[in-house]
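The two complexes that follow have subunit A in common; it is paired with subunit B in the first and with subunit C in the second.
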Partner chain A sequence: MLKARNVAVALEEIGIQKKGRTILKDISLEVYEGEVFALLGLEGSGKTNLLKAIMGLNQITEGIKAVSSQLGYVSETRALYDRMTVSEIEALCKGLSREWNQSLFSELLNKIMIDGKSIVGSLSKSKKSLLYITLTLATNPRILLIDEPMEGLDDLTKETLMSLLLSFMEDGKNSLILASRTIVEIAGIIDRFGVLNKGKLIYNGSVDDAIANYCRVRIVPKKLDVEIPNLNGIYGLERDGRSILVRINQDKEEIIDYLRKIPHDFFDVIPLGINDVYKEMLREEMYL
Partner chain B sequence: MMLTLLKKELKERRWYFVIPSGFLLVAALSLPYMYRNLFPILYLSNNFTFADFVWGSWWGQPVWQMGYVFVFFLGSNILGKERESGILEFLLSRNISKGKVLASKIIVDLSIIAAVIVLTTIVMLISVNYSSIEYNNNYSNLNVAIFLWIALCGAYLFCGLLTLLTRARWKGFTLGLLWVVIDLIIYTYSQGTFSLTRYMIDSSIYMNNGFPLIPAIVVVVAGGGIIKLTYDIFSKYY
Partner chain C sequence: MFVHVDANSHVPIYHQIIQQIKSAAATGLLAPGDKLLSVRELSRQIGINPNTIARAYQELERDGIIETIRGVGTFLSSTPIRISNEDKKERVKKILKELFTEAYHLQYDEDELYRVFQEEFDKWKSHGGSEGKDVES
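Our next item is the complex of A and B:
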């Protein structure tokens, strides 16, 4: 099923049903080696379920899943045995994984500045999160899945986490899949992203493509009764007095050219950053 | 991998061994004193076997009744720390199957129950021997201990199963008490033939009939069924 050598994860029309309820439907996507892919969506959109499905923790009821190599999973709860010391949990993970890399673990533990004698439950949320990720990285995964990577982290920890993730991606053969509610903090490292809404994948593409396709145009036409036709690529119109805000998600240039031809007193193309594009994608679903 | 899981479970559940052992050791050491001072007639009568002294006597019965409470605690905590959200995922994401997680818990728990019984029996044996109490020492001692273990294991599995089904420790614990009620009903209606409790406390049954092979097979098969059911429920709903 893997179409190219460098595909790390391939999903073909997968679906999950739980107790008669559809959790995920017709999800098809590919994540390549050396790529950082983000799964974005609002609370309850199905991100965690999809991540768990890739990991094998959720049973897929439809479609096909193929994974090329060893997976590592960092759950949203970051739940660890709170009464254990860091050394004890290290010994546990070492015993449970054949791929355990002791030197990498020691190096990373030094980097995140956690003492082996510390009790896991006494660590701050940020430190615990870093420890969880370190324990996962030490199992030498080729594909790392992280649910809500930045949630609950302080700014310093976010920086440390970024540096851990960048070192993980350094050799170009590893893949990283992040599930997140927001894109702001991870925008700098992701190559492609998918947006989930109510269990369906509404966008799957690169950051650059998304930015290139989306924009807003504010136009104040000379005539009050100007009708903007329902062109393919316009997914939203908002009127505020004479001013019209046009939301565009494809064929940007053609639509802008068309709109520019409408006699107007004011015309402005508003480019969107990735964060706004993501919000537009979610908004687009509301318009549909 | 399994060894690491077993070690973790042993460490996590060590208090389930230490606390009942402590309680039973005090009971074991005080047994000869109780008999000599409180029931001198019984003490002189020499009608009891050692097993009767230990498990079937006025002092021994509360001991195994406490044993039930102990295994209900153990059974209702069958998921241990893994009942907390996410911890099970932590293990499963390390390619540990649910079966291994559950098996490690059941193996450790059944071993803890056996260890408590063995330790207490040995201490009681020593304690009673040093006390100059006379008793009829015969093979039934081992039989009683084995059946005590089987009965407690059954109660443990029953309670564990109910805990997994109800997804609540207190419900599992409370409903686990049904085990005792069911056994009591069976005891009454079958005049003890199929009651585990009788095999636990009544050594005369062994003296007359030897080791009760058929009830033992029934219990082992039923226990296997409960384990399978527990595994299925655990795999499906957790």
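Our next item is the complex of A and C:
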């Protein structure tokens, strides 16, 4: 069943230059209503700059950006006024926001078990992170951007955060964009993801497509000198004694069928989970 | 509910959910008419994107394994599975092709292969065949 999907964020050939340095180049992607999109990449790949660009905190030097509704942004630093109490911060945010959902804030504050009288600076890193996200959620954003959602959190807090984010997604109209260095902890909640490498987008697609397209084949051919052709879809070949490891990133079925026909003593298809696929995508860049 | 997924598996999450519900039905963990958790409830319980769960439920519903009654809930079907015969045939043929390719490379004796097939088929039939327990459960 085809459903028309509304676009929450659209980026077309976005580029950012700062002091002659190219921070981002040719970034085109869309994030839809009701979906969770992850922006992955190593440190320095441009994730934070892209989030800031979507938020309007960064000057875009090329391209077009369109955002359909209210944004909320959780920066990596989660900076709050440490000397204030939680209640004072609440009052400050309430005063600064155009929309403030008091009942949601109170409910969430209760859920994350933070007392209004606590001094912000005395809160643990985990609690502070949750507080920051709660304050942002209370401003009723339709599109929430979070830089490194899981960083520095203890395991229980990660679960609480996951629960908060899933609640945010429940009405099917909100969008969540997560920038992260790793995919492991958020793999369960994301719909699609993009991978940034040195300011460029090297992948943009769904998790299921990624794990469907990538795999490895280990083959021990009967003849040592057999040539594996440079088929489109094979991005890496490694010989290890008699065995050859073939790295595949598209047309998996056709390539496996082709390889299976090579007379062999051993043949194994190694499927990959999303974490391994992500690592392969970064590795691919090194092969190019 | 009993569903437990591995988000980092090579098996797509929606597929894992489908397999587990099918398995639960096959082993009797879920009986026809039993109520399943809603998409929202399951999403909260296992920490998985509700879109993914909705996709699994849609496919199970399309195959006639579960049915949703608006305003009431989602239940395990009491009617038999509605996969088309064509689909069933294609799936089985695909697995047979893989078997034959492997036999070719193993240079497995053809008569021996047929004997092995008969042996396993008879064993499976004696345990009830398609009407019996799921072999892998």
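Note that the second predicted complex is superposed on the first by the 283 of 288 C-alpha atoms of A that agree within 3 Å, B and C clash if a C-alpha of one lies under 4 Å from a C-alpha of the other, contacts with A are read in each partner's own complex, and residues count from 1 in each chain.
Everything below uses one rule, namely that contacts are C-beta pairs under 8 Å (C-beta built on N, C-alpha and C of every residue); 3 or more make two chains touch, one makes a residue touch a chain.
Bear in mind the structure is a predicted one, so any value in this text is a computation, not a measurement.
A.B. asks: For the three-chain model obtained by superposing on subunit A, do subunit B and subunit C clash or fit?
C.D. replies: The answer is fit.
A.B. asks: Go through the superposed model and pick first if A:Leu92 touches only subunit B, second if only subunit C, both, or neither.
C.D. replies: Only subunit B; A:Leu92 stays clear of subunit C.
A.B. asks: Does the superposition put A:Thr139 against subunit B (first), subunit C (second), both, or neither?
C.D. replies: first
A.B. asks: For A:Met162, is the partner it touches subunit B (first), subunit C (second), both, or none of the two (neither)?
C.D. replies: The answer is second: A:Met162 touches subunit C but not subunit B.
A.B. asks: Counting only touches as set out at the top, which of subunit B and subunit C does A:Leu57 meet: first, second, both, neither?
C.D. replies: In the superposition, A:Leu57 contacts subunit B only.
A.B. asks: More residues of subunit A in touch with subunit C or with subunit B?
C.D. replies: When the residues of subunit A touched by each partner are counted, C comes out ahead.
A.B. asks: Output check: A:Ser122 vs subunit B and subunit C. Expected answer is one of first, second, both, neither. What do you get?
C.D. replies: A:Ser122: touches no partner chain.
A.B. asks: Looking at A:Ser243, would you say it contacts subunit B, subunit C, both, or neither? Reply first, second, both or neither.
C.D. replies: After superposing on A, A:Ser243 lies clear of both subunit B and subunit C.
A.B. asks: Scan A:Thr77 for contacts with subunit B and subunit C and give back first, second, both or neither.
C.D. replies: first
A.B. asks: Report, in whole Å, the shortest distance between any C-alpha atom of subunit B and any C-alpha atom of subunit C after the two complexes are superposed.
C.D. replies: Checking C-alpha atoms only, subunit B sits 26 Å from subunit C at its nearest point.
A.B. asks: Identify the residues of subunit A that lie in both the subunit B contact region and the subunit C contact region.
C.D. replies: none
A.B. asks: With touch defined as at the start, can you tell me which subunit C residues reach subunit A in the complex?
C.D. replies: Those residues of subunit C that touch subunit A are 5-14, 40, 43-44, 46-52, 101, 105.
A.B. asks: What residues of subunit B sit close enough to touch subunit A in their complex?
C.D. replies: 1, 3-5, 7-8, 12, 81, 84-87, 89-96
A.B. asks: Which bits of subunit A are touching subunit C when the two form their complex?
C.D. replies: Those residues of subunit A that touch subunit C are 34-36, 159, 162-163, 166-167, 169-170, 172, 184, 187-191, 207-208, 211-212, 215, 260, 263-264, 267, 271-275.
A.B. asks: Mind pulling up the subunit A residues that touch subunit B in the complex?
C.D. replies: 52, 55, 57, 71-73, 75-81, 91-97, 136, 139
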